[in-house]
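The first chain written gets the first letter, and so on, giving A, B, C and D; residue counts start at 1 in each chain.
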Amino acid sequence: MEYSRILKEIYEEIQPYAQEGKPASYIPELLKVNPDRYGICLRTIEGKEYAQGDSDERFAVQSISKVFSLAMSFGRIGNELWKRIGVEPSGNAFNSIFQLEMEKGIPRNPLINAGALVMADVLLSVLEYPEREYLSFVRKLCGNDTIQYNESMAASEREYGYLNAAITNILKYHDNIENDIERVLRFYFRQCSIGMNCRELAHSFLPFADHTRPFSFDGTELTTSQVKRINAIMQTCGFYDEAGEFSYLVGLPGKSGVGGGIAAVCPRKYAVAVWSPRLNSKGNSVMGMKALELLTTKTAVSIF
Amino acid sequence: MEYSRILKEIYEEIQPYAQEGKPASYIPELLKVNPDRYGICLRTIEGKEYAQGDSDERFAVQSISKVFSLAMSFGRIGNELWKRIGVEPSGNAFNSIFQLEMEKGIPRNPLINAGALVMADVLLSVLEYPEREYLSFVRKLCGNDTIQYNESMAASEREYGYLNAAITNILKYHDNIENDIERVLRFYFRQCSIGMNCRELAHSFLPFADHTRPFSFDGTELTTSQVKRINAIMQTCGFYDEAGEFSYLVGLPGKSGVGGGIAAVCPRKYAVAVWSPRLNSKGNSVMGMKALELLTTKTAVSIF
Amino acid sequence: MEYSRILKEIYEEIQPYAQEGKPASYIPELLKVNPDRYGICLRTIEGKEYAQGDSDERFAVQSISKVFSLAMSFGRIGNELWKRIGVEPSGNAFNSIFQLEMEKGIPRNPLINAGALVMADVLLSVLEYPEREYLSFVRKLCGNDTIQYNESMAASEREYGYLNAAITNILKYHDNIENDIERVLRFYFRQCSIGMNCRELAHSFLPFADHTRPFSFDGTELTTSQVKRINAIMQTCGFYDEAGEFSYLVGLPGKSGVGGGIAAVCPRKYAVAVWSPRLNSKGNSVMGMKALELLTTKTAVSIF
Amino acid sequence: MEYSRILKEIYEEIQPYAQEGKPASYIPELLKVNPDRYGICLRTIEGKEYAQGDSDERFAVQSISKVFSLAMSFGRIGNELWKRIGVEPSGNAFNSIFQLEMEKGIPRNPLINAGALVMADVLLSVLEYPEREYLSFVRKLCGNDTIQYNESMAASEREYGYLNAAITNILKYHDNIENDIERVLRFYFRQCSIGMNCRELAHSFLPFADHTRPFSFDGTELTTSQVKRINAIMQTCGFYDEAGEFSYLVGLPGKSGVGGGIAAVCPRKYAVAVWSPRLNSKGNSVMGMKALELLTTKTAVSIF
């Protein structure tokens, strides 16, 4: 099929960018990863899978987990979620502290750290065994039961997680955190530490592209309308300060993580996951962004 | 066809919102409009047109003209435009002055006032007869040669346009305005004053939905890729502080104006224009927003 | 002497304000205090003392302790202090989080919370027994060995101290905290919890007014120049968002606390302490502010 | 007398700073000035005058004129002034636009541009011949009838005065400007263009130091209390982002101008004016700041 050829062409065309950018280094764990890795996997709603490069090596999903948290908390409490979190695009971490103050502790959207911390708080309140049930949901979503938290990475992130601790305290000050601050932070960092490879990640995002099958995984159920809304939020809020740039160049809903992963969906067609640890100045994977731009250009398919 | 029925249903279902919100009143001209008007027109890429309500009454397009300016300046100077304007979502006027300062006079995107003022400056520099050529382009786009500037409205807006004058001065301070400040302001306000009805507006947006015909109007030419990029920018930036909400509830690229109009496109399917003067607190038409939300729900078609 | 008469007149003239404002209530401990208390004590550099009202009842000095911390840390590490803290006026807590971000973790001045948290960190690093030595210094300064921390108030403030925890985390993120965050917070809240009455407070501020005697207390020594600089900082930064108003109306260097206390100095003449728990919207004692305004008007003595 | 010796010592000790900093260059007029000039003049309330260096050469007073405007508008409309302007310290131009928005068009204090523009508006409303009466007041204050506006400098500043035009538009938007925007700007820039030398400037500030003589000049009258309040405002707000630093190092109320001048008062003792065109990064004269720091150190006299 044509996708195989396209992934190969992309691989060749992004080589000039192979040494651009730097991997995240704020915790020692992240520096253990080989910065030269590159993998991509595209999975169609017909169930075909096309992969290239290091698509079987796992990496920390980091902020991509915010999409799983959004699915799970939106599925559990429905529109109640929007009383505690907005759906408007935001800027980077610095702005988000400022906005949090201006907007009385209501995070701008679920895909920034402040929003994810509130969702962690929601899940701590509604789930009986939060850590276990969260992992179980993600395992079902990607069809692989060996998915794990990386406990040492989570501990390391907590140790240096001063900005997230600041954000959680501001949220608590504004009564938008119900549980213990430390508990919320630890759950949040465990979510970020989950390790997946590109195949698993593409698999886990396919249900957001496929409206023909019901979204129902391990007790988390979403209507088609809710799935579309998650896509809409990824479209406007998935890439921090580069959300507009991604929408402009790629034209697909998606979410990036500081581990170098990006997952995106082409509604009614496919899900795609790409991974390469070197990041641009906005914190998004250099080769990942370029690969997805080429993908939508070559397939002449975007949502627009 | 089904669209006729859907527009009728929408009309009935939005009646409970008929008295919600208030029309813009910052200039006397705007208060002359009957606040109870409501019109809608949907035009498919096959050329069929479906209308309902006051779809033949003209109103000031206001900020919807920013899409025409974007098409014209992007068509004329191409990617040079992005050296002077970004493509990231922004907030309201107040934030945009703050961001303009923080970001050294580069407007966040073309669909906020600061961005449109820079585009007016671009057009003043590249066109021989800016006002005449701009109007001529819009006339071709909507297929109607009687479209006009509303000179008294433009003059009135200039008189009270303190915030826009402040923004233009900040842009000039940062060397992002080449022409005379007063000239830029007057051209900008004339663009906003253009009067169109829903039929004309839907007609003028159809080329953004239709990728099968070349975008070429009165000397302004855009590639399919450029048209898609304008859609991507409308998607993330078209509704000020409500861009995320619109993306979330409606799921179509679009642009609103303070005159109560909203135009949106469903790529490869249709363009739609709706008008109702009463605005919500974010400055977008109450019935217009609701009508479009119902449209995509009832047709079960969104870009996601 | 005339001061007795003046204090009596002040007492009478401020009665109309006796029910204005509300005492701080963010922790239960603060609500145990009778809101109708009012005391004042003026102590001249010749050693005379004039008191009125509830001047023997102790209250939590709260932010007035920042002056003690400034004297102690400036005395110990000298101008090194200004590498970690500025001397420019600031706004309220909300602004201070914003400024902290903008200015890379350097608090604007020593008399806002962020500055005091850095000073607590300094003292934790340079003192062998920080809590004991701090208390010992304050006891020497006010000439009373029974001064104590209020441990239950300190614990209560820590429990609800989300904003201060947020600030300390931001400081740590910017490498401006050396010690453990929790340790810094607990030391800071103990400083705030110190209980003093107006006589003791006036006594403890007299060394800042009196340049004829060396400032030397329990190992903390300041030159005359350093004492004047502390006065200059109190003048511009002592009253949060009301620093200018206080400078304008009263014209003396001073520092207020959320417990309702205010201490001020008239260089080369006297120190004065006033206490009344009801606060205005800026967090300063209503009757205290009024009393000091009347004092400088009646004595026709200000620094200007 | 001792002051002569001190001024000589100061002159020698600041030589190492003679080439530090750069003169303002935002308008051509300012670059005509020899950047190596240095003059100082101290005038005591007994009427003695001590001068050194280029103390007879005139320069543009620029923002120092804000003190004259404050005296004149406070004298004319009294406390009504504080309904339109605050008395709290502010930051630089960028912050002041942000604060102006946050605080609904009320400038933080009279000594920033926004405040001076409101005072220009006040004077335009209450004076019959604003330009003529303003100049007449300043001439009386400094005892010299040859003082003039520099019309070409004022015109040049208006031409490039984009930030001030932005500020005036924001003020007008918030209904804090009564007169025509252009009229206000032109009056303001003429005030800034006034040329004075150090002797004249010291003379004009002496009435703020001297409480023994009534402040009454050409119809502008201030009570002693009002004069002290102007000093208090100079103390907290006179040096933009360096107000705290100046208060800390020098300890006198004063005001700087971008032309390189600084005027300060030692209440009940003297007024001093210093001039040197090279500015530090905060826009204050390098040698001027240093000279005043040495002056208060050597005389061991500050207000603290």
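We adopt the following convention: a contact is a pair of C-beta atoms (placed from the backbone, for glycine too) under 8 Å apart; a residue touches a chain by one contact, two chains touch by 3 or more.
Everything quoted here is computed from the prediction, not taken from an experiment.
Any chain bridging chain A and chain B, meaning touching each of them, is missing here; the list is empty.
Each step here moves to a touching chain, and the least such steps from chain A to chain D number 2.
Distance from the chain B centre to the chain C centre is 55 Å, each centre being the mean of its Cα atoms.
Between the CA-based centres of chain B and chain D the separation comes to 47 Å, rounded to the whole angstrom.
Chain C and chain D have CA centres that are 32 Å apart. Residue positions of chain D in touch with at least two other chains are not found. Chain contact topology: the protein chains form a single closed ring, every chain touching exactly two others. Across the whole structure, chains are in contact as follows: A-B, A-C, B-D, C-D.
The residues of chain D lying in touch with chain B in their complex are 94, 97-98, 101, 162-163, 165-167, 169-170, 172-173, 181.
Partner chain D is touched in their complex by these residues of chain C: 86-89, 109, 225, 228-229, 231-233, 235-237, 241-245, 247-248, 251, 253, 267, 297, 302-304.
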